[in-house]
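Once you scroll down, you'll see the structures, which are given as structure tokens.
Two complexes come next, and they have one chain in common, chain A, joined by chain B in the first and chain C in the second.
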Partner chain A sequence: MGKTKKKVILAIEYVFLCFVSFLCAFPFLWMIIGATNTSSDVMRNKMTFGSALWNNLQTLLQPEKGFVTGLSNTIITTVVTTLLSLLVCSLAGYSFTMYRSQKREKLFNILLLTMMIPFSSIMVPLYRMFAQMNKIPVLKLVGLNTLGAMILPSVSTAFLIFFFRQNAKSFSKELAEAARIDGLGEWAIFFKIFFPVMRSTFATGAIVSFMNSWNNYLWPLLVAQSPQVRTLPMVLSALGQSYTADYGALMTAIVIATLPSALVYFLMQKEFVAGMTGAVK
Partner chain B sequence: MRIRKLLALLLAAAAALCLPACGGSTSGSNAGKTADESKTEITAWAWDDNFNVKALRLAKERYEAEHPDVTLTVISQSLNDVVQKLNTAFAAESYDGLPNIVLIEDYRVGGYLDVFPGSLRDLSSIINADDWMPYKLSAFTRDGKIYGVPFDSAVCGMFYRVDFLEQAGYTGEDLNNITWSEYIEIGKKVKEATGVSMLEQTSGDLTLMKILMQSAGTWYVNEDNTSLNIAGNPVIKEAMQVYKDLMDAGIVMNFPGWDEKVRGIQNGDLATIVDGCWISATIKTAEDQSGKWALKPIPRMDHVEGAVNASNVGGSSWYVVDKVANADVAENFLKETFASDTGFLNELVNEIGLFSSHKSDGSFTNYEAQDAFFGNQKIWEDFAAWAELVPQVPYGINTYNIDDIVEEELQTVLQGGDIDAALSAIESRAAQIGQIG
Partner chain C sequence: MREKSKIAKGPLEKKLNRTGWMFVSGASALIIVFTFYPVVDALRLAFMSGKGNQLSFAGMGNFQRMLQDETLKKAFFNTFLYLIIQVPIMLILGLIIASMLQNKDLRFKGLFRTAIFLPCITSSVAYALVLKTIFANEGLFNTLLTKCGLISEPILWLNDAFWSKMLIIIVITWRWTGYNAMFYIAGLQNIEPSIYEAADLDGAGSLQKMRYITAPLLRPVILFTSITSTIGTLQLFDEVKNITNGGPANATITISGYIYNVCFSYVSEFGYASAIALVVVIIIAILSALQMRVGDKE
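Let's turn to the complex of A and B:
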């Protein structure tokens, strides 16, 4: 009797889980179906695959839509931001754990405080700053209306520094000491010992940074003035907001915009979980 | 040593990636200026490829043919993005990269005029006030100075399904210049006879409230555009009562959003639509209903003196950002196109269904077109005639923010709450809103 009872409970559990996963997966399914349908079919809630994917793609690729420019700008800013922020934040987080100084904790607390300030409150001063940079020859490269201006503010984030610091605590100092005795310099310890050991932490940091940068909207929107520097979220916003939006093309654009994030996550999923739970190899 | 090489390589790679990114974009933005030194470049922002952006592109063709030394760059982006960027740049007092010409909604422009004085240019010299409907100009007139050039205006009308009203025993004559209480009585009969709802209400959309307020010459604020005019305002009080009577009569169909509303129209779920003239384009997407629709003036409020059977909802206008280089050229562009070229505006009636709020001085021949969809009625001629009646109201600087509050308090009224209390609550909450909406 006990066996049947267990089976029933198991069945209920599975039904429940199926239901929840359907709830989670449904929007994605609808998005993919929408990408293959015409705008009026999407409006009609047509739930079967259509044949308009090719047309939708062609609409998207019209030069005035700026989709290709947006995609390549997003790829450039995301890759550069991810690489730079990993380098800067891991070095900072590493130093916060490995080196002692009197001001260290205070400095770190101030850094954490910056996490509490909402972006919208520093938006206007930050904008002013970048507008000023346009007047200085070298800084012009990262002034308003450049991809550099989108990258720079997210290169160093309190969250990533905090994340690297917490994980660096599990890195054994003996290992670093031993390396030092063997004659390795400080840079070498970081790149040859710390980096390989903390690989999963770096992977997690990369995913977090990638996702943030890929979906970043408000700041890039403010600094991008000409269509040539628009990123993908802005292109999507422009596609969806006219009085008569082409929903088929919009869905296709969203599918393409979601793919890289999904790919990056699935490829690094194992490392991501390990990084979040703080495993050291 | 190898580590140093690695580090150098990494930095070089980052720099290499960065350089084309930054360099490419800066050269991109300046390309127009460097390509041909003799050309003056101006920029304009708008937000709908099929409507205002299309109008800009047509204006550009005309203007550039006359002025080969000027290039106009038209940038299309979403309305929310335009607002966000203007707010930030004006607040930062940084005009770098702002456009010369920008389209702003009439409900929103007061915020820019009153909170950031001096950022938008005085265009009094290129606008002849006598040519335009006064209610349109008042949105962007301050101290007698006109700061904008009208683009579109949404004078209101009541579109109705001839077949449904006939089934309930009404002809078009019965709908001429009626009051809201008469409208509700008709609505009940229509619902009885056909089962179809008389009106729609879309959640988050306070169109009807704004139609009612302007039809009776009042708004959330007084003439000074700042002091609130909500608590004890008899018009808003009656407007809330109209909402409640409509709901209590059970003749209103609720839609969760715009897309559902469009589907409702296409399905034939509604007997009338009371909205701005631009809704005609949406109604016409229901091709199978051609010939079944006609147009009458909106109902008028019963107990308000001076209330008329005409109103306006929304609309937008062109502005010149004063501190951006070449503002003079931008001003001249507007002067020769949207501000004075009635031939062009007449063309836009057919191209994009534009109602510009320019007084019809005989040059708007396209208004006389008979529309088969509306039973050969000359709907634009009617709209133009009703526009003459629209009362002038001050829009203030916070219309959209106050709308949100009104919508919440309206719910308590619909559930039987006291209207006066609701108005006081709206006023005290509205008084706490910050400056920019």
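Let's turn to the complex of A and C:
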């Protein structure tokens, strides 16, 4: 290939990649600018920073907007789901690798099948199941219109089990063996040795779980009928759909809702991309 | 551990086996209750009809009704339109971006990668609403096009049957192209550079290299991304709900959106909704099998 041709190709690549990068980043700039402007300025497509951020925040703090309730519900469901999910799925994944048996391999393969089942195909029976729970004394606590109903179905996912099972393969079995000889129990081996050694795997798993429950929309939409249990995506949706939508406040709300994942992305980019794309060591 | 299990089981092995079952029990129980049981229940419901909880056996009634349901036909048409147009555009675009980022002489690769993956940090509702304001009738994009002299009348992105479909396609492409590009970037890094060097010596052009080296070696990755994108598109809901709410006049409604409407917007018809969902599962299974067939040939 000639030198000039190479240079021309490189130039085309720069132009193209800059253009694509701009398109990808622009909506972020747009929402940050929007968050500092009034609703009418956003509608007039004002492209410079304004001074309405404080006002927008105050609008969002009004109880009838439901933003504070939504934010706290989302934080609670996300934290609980992520912690439970990490515990349950890492134990299972660890077991599938560390205590291999043919019967458990079969179970694993069956569990893996659920990755092919679209949520929309099970949402109807699932909804009916939680509606039934409302009629039973103890289960009522996790029935429709509770945060528990949003958490329970998303705790155990085939993806995370698979993820931990694959990553556990890089964990040294000799280490577990040695600990066993030293008299450590199986739970202690898991918590005191596997967990600290596999910190980055747990971090990646936590990111996956966090992103899923922070952004979950369809299932909470079905389950949360009363305003007290609405989550952030539903609140954003309501802010955007209303006929008297305050676009400045909406953009502020969106920026706040995007902030946690943006922080994780910029602080732990490697783990974030690995988690999102399901990369397995 | 593996060798040991072949020998007669001692007390330690038995204990470890018990622990093994204990450790998998929580996760398995949750999946059985919240995924497997609903799947079986959905199969049962698909053959029932009625309103709310007043359900009775209907045989093939739901499936006969589906054949006459005009809105459902629209939902299927739209979903497949998104599938056929959006998925190839997105995957090819992702492939182009990934192979450009392979160029040894290119600088700022990290910066480009960071920017291109950026859309993946947004939630479906958040980005849908942001892009909705940009594509509003008097919005930024129309203003820009008018100023450049490309259009004289604003494009009705939210109110026109054709343009609203295009908007859905644009929006999903924005969100998922970088995501798919990441798979290709990882896949390309596993290809030996010496193969390309040899091709260079043989005088192969960049298109030929794409056709005869990159595409075949990336086949498993391309297969994976096309299956996941297909499943994702068939489940499309959040974006359409928040941008057009299925409108205008069901012009953008998706299958998931219609299932939602059948259950939760009008009278709850759980049986009919489950029958539609069953058809979607069958379609996903067929399409995945088909894609694997095509991807595995040669």
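One rule holds in what follows: the second predicted complex is superposed on the first by the 241 of 281 C-alpha atoms of A that agree within 3 Å, B and C clash if a C-alpha of one lies under 4 Å from a C-alpha of the other, contacts with A are read in each partner's own complex, and residues count from 1 in each chain.
Keep this in mind: a residue touches a chain if its C-beta (ideal position, glycine included) is under 8 Å from a C-beta of that chain, and two chains touch if they have at least 3 such contacts.
Remember, predicted model here, so these are calculated numbers, not experimental data.
Superposition note: with chain A as the common reference, chain B and chain C are in steric clash. Legend: residue contacts after superposition of the two complexes on their common chain; A:148 is shown touching chain B, with no touch to chain C. Judged by the touch definition given at the top, the superposed model places A:6 against chain C, while chain B stays out of reach. Contact with both chain B and chain C is seen for A:127 once the two complexes are overlaid on the shared chain.
With both structures placed on the common chain, the touch criterion links A:79 to chain B but leaves chain C unconnected.
In the overlay built on the shared chain, the residue A:140 is in contact with chain B alone; chain C does not reach it. Counted by residues of chain A touched, the larger count belongs to C, out of chain B and chain C.
Shared-chain residue A:222: touches chain B and chain C both. After overlaying the two complexes on the shared chain, residue contacts for A:96 are found with chain C alone; chain B is out of touch. By the touch criterion defined above, A:240 reaches both chain B and chain C.
In the superposed model, A:212 makes contact with neither chain B nor chain C.
Residues 43, 87, 123-125, 127-128, 218, 222, 234, 237, 240-241 of chain A touch chain B in one complex and chain C in the other. Listed in rising order, the residues of chain A touching chain B in the complex are 43-44, 64, 73, 76-77, 79-80, 83-84, 87, 123-125, 127-128, 131, 134, 140-142, 144-148, 151, 185, 187-188, 191-192, 218, 221-222, 225-229, 234, 237-238, 240-244. Across the interface of their complex, chain A is touched by residues 1-2, 5, 16-17, 19-21, 23-24, 26-28, 30-31, 34-39, 41-42, 45, 53, 96-97, 100-101, 103, 105-106, 111-112, 114-127, 129-134, 136, 138-140, 143, 174, 178-179, 182-183, 186, 200, 206, 231, 234-235, 237-238, 241-242, 245, 255-256, 259-260, 263-264, 270, 273-274, 277-278, 280-281, 284-285, 288 of chain C. For chain A in complex with chain C, the touching residues are 1, 6, 9-10, 13-14, 16-17, 20-25, 27-28, 30-31, 34, 42-43, 45, 47, 87-89, 91-92, 94-96, 98-101, 104, 107, 111, 114, 116-129, 152-153, 155-158, 161, 173, 186, 190, 214-215, 217-218, 222, 232-234, 236-237, 240-241, 247, 250-251, 254, 257-258, 261-262, 264-265, 269, 272-273, 276-277, 279.
The part of chain B that touches chain A in the complex is made up of residues 3-4, 6-7, 10, 13-14, 17-18, 20-26, 28-29, 47-51, 75-81, 84-85, 88-89, 91-94, 96-98, 259, 262-263, 278.
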